[in-house]
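Next up: the structures, one after another.
Here subunit A shows up in two complexes: once beside subunit B, once beside subunit C.
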Partner chain A sequence: MIPISYWRNRRSYTALMGSRCRACGAEYFPPVRVCRKCKSRDIEPREMPRKGTLITYTKLTEPAEEFGKQTPVYLGLIELSNGVKLVSTLADVSESELNEGAPVSMVIRRWTEEGPTGIIYYGYKFKVDAAYSMS
Partner chain B sequence: MRKVAILGATMTKFGKLTQGLDELLLEPSLTAIESSKLSEKDLDLLYISNMLGGELTKQVSLGTMLADELGVKIGADRIENGPAAGASAIKDAFIAIKSGLFDLVLVAGAEKMTHMATEVISEYISYMLHPVERMSGATLPSLGAMLARLYMKQYGVTSEDLAMIAVKNHKNALNNPYAHLQKMVTVDNLLHSNEMEKINPMVADPLRRFDISPISDGGAAVVLAELEVAKKYTDLPVTIEGFGQATDSLALHERPVPTDINAVKEASKQAFKMSGISPDQIDVAELHDAFTILELVESEDAGFFEKGTAHKMVREGQTEIGGKLPINTSGGLKARGHPLGATGLSQVVELVWQLRGEARGRQVPGATYGFSVNLGGFGSNAVSLILKRGD
Partner chain C sequence: MKSINPIGIHGYAAYVPSFRIRTSEIARVWKGGGAGPNESKAVACFDEDVVTMSVEVAREALGMAGGPPIGAIYVGTESKPYAVKSTGSILSDMLGFNRSLGADLEFACKAGTEAMQVVSGLVGSGMIDYGLAIGADTAQGAPGDELEHTAASGAAALVIGRADGNDIAEIKYSTSYISDTPDFWRRQTQHFPSHLGRFTGEPAYFDHTIQSSKRALSDTGTTPKDYRFAIFHQPNPRFPFDVGKRLGFSQEQIMPGAVNNLIGNTYAAGAMMALSCTLDEANPGDRIFMTSFGSGAGSDTFVIEVKDRILKRRLGSVRLKERMKKFMLIDYGIYAKWRGKIRE
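Presenting the complex of A and B:
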């Protein structure tokens, strides 16, 4: 079941909208209301960079029900170029490319859908860069 | 200063059971009250630990339900802290008694799970993750897998090391008639046999089926009492010497070192401080091995072993019964089973049996201090408890 918060959070899911603390400059994804570092509440929206590197990954053969059609699901822990980390599904995976430190970029892909005639939910996934795949 | 003791402590057998959620709460409660030599009317307060009653069995207000079934009209709440609800409920009962407001408190926990399909359970359990993690397809095992991959690489831990933990916990469960999985396994069965892919398939690489706790039904109940009151009913009180609880970022990706479970470090440090004892005084420990990798990491972060050395202790057999620190003598979540809301209580039940010398075929001789850690979320909430044999 897709939580209703998908719609409120859609800018995060489709544009990597996070936040930045105006007081100390710390950046966050997903966005925060209170800075974890300096506790300031002076926070502004900030899009995250769409490039990063793969820290580690897993191949999940028993995903949650709503992602079952995509089995196996590859998930990665990714560090974006600004140092912020996130967990994301990996798209178009060729297992030989899944190396720690592989450069990755954000793409928009189908996450799941509400049955054969229902709403389709889209969001970010990450993909190993083509240049790296070739090398 | 008031002290808190445990009187009756018991559990149902864990496994695929015919009882419903209400019976899984009521049966161990009746046994715990009876074995405490109490009657229902002596109780001052009750707490329920349960995670997914509403989602899986369409029943909430479980505190009221149990009070009603026991025929009492005392205060009753359901405590929800993911799979750490059990230890959280014990903590709340401890505080209630310590405060001086209540003398006798019942804590009952249960979960009914096996009537639902695995992927449905997987989804409901993932509700405790950060919404952004969950929306991008993460499940608990997938986060455990990424932690495992990082940890194994950093400290030279192998899949054999992880399998040895499952083998040990299964071996312990053979002597625990309450355990869900009572089946001897060997590292060779799990990793080097022709049937490996059938009996132990990969779930979230590098974690295989036997690295992951099962889906179980089960219930457990514990009666807590102020120590002087407890002494009227038993010659063998077990005291709660301390607890600790801490949280960490809800999302794994926000932790600076993803292989550290800081909530366990902080909760355990608090528990040892309150108890006034040190980790080397603990005789038996129940850790939250929802995944084999977690038993390793928690045994370090709770303060028993140096970071990166726990797998060596496992290889030496130091965490087996007879070793330096027997861990998960009950079989742990892996083999005793993991009915979410009952798990933290079943850890305490095992420690009580060990400290009273009632653990039969799996007894740690002369155990005086017991330790448990119960995790809620993926390392985002930890509750540690320290118990002592009362003399």
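Presenting the complex of A and C:
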């Protein structure tokens, strides 16, 4: 990751800033410049809902080197409450809770860092809701 | 300390990471057996730090407060992710409050209550309408040091604004007592703190807590019996009860905020986290007496009166002590890997 491109996209990474088509109302994450449904270029920024459900997940035991300390990495396919789907790293995982339909919420976590002297990259991850975990 | 405007708490929140390590596990590794003064402590995950935990509590406290415009974010911490780069500015961007002051404060375990005083001052003087005071730490003890049993992770936040009828509690009074006492410190570039063992008790924790508390009782013309709850910083499970007894407070007054045995000492979040637990149980009209302690050393005391609105604002939220019941245990190896005990 490059610090300047991270800085330009930080609202997407830390506030789930996506986009909405003013013409047909379709919502997107990550943001788009042209609506994939109606091809309109009349697009506005739109913050995505922070809640959704887990559709499925996979477990990476050999992730990229920069994620070494985080191994194993759990990647989840999430459907947000507005229907938008995204792939996200999962946080504080207890594998027995990773069920289809489990309610999840966005949290901010460290993604990675540019070594001990560089920038720390923060961004969204999703975590199974405590109420579901406790039930 | 007197303010022009009355000061109120409009929202509060606390966060404890999902992971715990038993002190018997730490003692097993370093001493071959035994345990620390507390049963377990909260450990931040590999991807958590002061920024991530502060966002968590800030959002929850702001939600309780109804999302008021924030004019200042002050973060009290001794484990800020950057030596030079304001945590407050990172948070302001994540929370969408760019037209605000944002800075970090350091005073060991009382940095969080310092943030409360700074934001109270800004609100009390009329410079801002609302501000966020956060205490957060991923505290570290050197491997094998006795501090390793208690040095824990957590965060707490208060949304402070004018006491205007929408607040859930009013900060009626605050004071501080500080002196140059070398009980605990960390030098530049050092990963772990140093301390003077038992010296951290009498001349540091007890003297400063008692001096600040006595001054508050004297200034307000109150006695311990005038309070339903009392909060004292909890570096271990015993000290808050010991100092409370010396001042004339009962165990029952202190118990609602006591969390050290299960999660350890969350440093700058400690006193504010105890306040969060206490506000979870408080009723309108209750008075709370709160004294923090930070090594170096100093104490801040607050007198807080709970208001009617707390019942409505608290509705539907799960109490912190309930949330703390859900956790995952880790062993020393995972703890060492996650919290930087293994260095290249």
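Operating definition for what follows: the second predicted complex is superposed on the first by the 131 of 135 C-alpha atoms of A that agree within 3 Å, B and C clash if a C-alpha of one lies under 4 Å from a C-alpha of the other, contacts with A are read in each partner's own complex, and residues count from 1 in each chain.
The working rule: contacts are C-beta pairs under 8 Å (C-beta built on N, C-alpha and C of every residue); 3 or more make two chains touch, one makes a residue touch a chain.
Note that the structure is predicted; figures quoted are calculated from it, not measured.
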item	value
Contacts of A:Y122 with subunit B and subunit C, given as first, second, both or neither	second
Which of subunit B and subunit C A:I4 touches, first, second, both or neither	neither
First (subunit B), second (subunit C), both or neither touched by A:T14	second
First (subunit B), second (subunit C), both or neither touched by A:A131	second
Touched partner set for A:L86, first subunit B, second subunit C, both or neither	first
Contacts of A:R109 with subunit B and subunit C, given as first, second, both or neither	second
Shared subunit A surface residues [contacts with subunit B and with subunit C]	70, 111, 125
List of subunit A residues in touch with subunit B within their complex	1-3, 5-6, 9, 12-13, 29-30, 36, 55-68, 70, 73, 75, 77, 85-89, 111, 123-125
Residues of subunit C touching subunit A in the complex	17-19, 45-49, 51-52, 55-56, 81-82, 90, 93-94, 96, 318, 323, 325-326, 328, 337-338
Interface residues, subunit B side, partner subunit A - complex	117-120, 122-123, 126, 130-139, 141-143, 145-146, 149-150, 201-207, 249, 251-254, 258
Residue ranges of subunit A in contact with subunit C within the complex	10, 14-15, 69-70, 91-92, 94, 107-111, 120, 122, 125, 130-131, 133-134
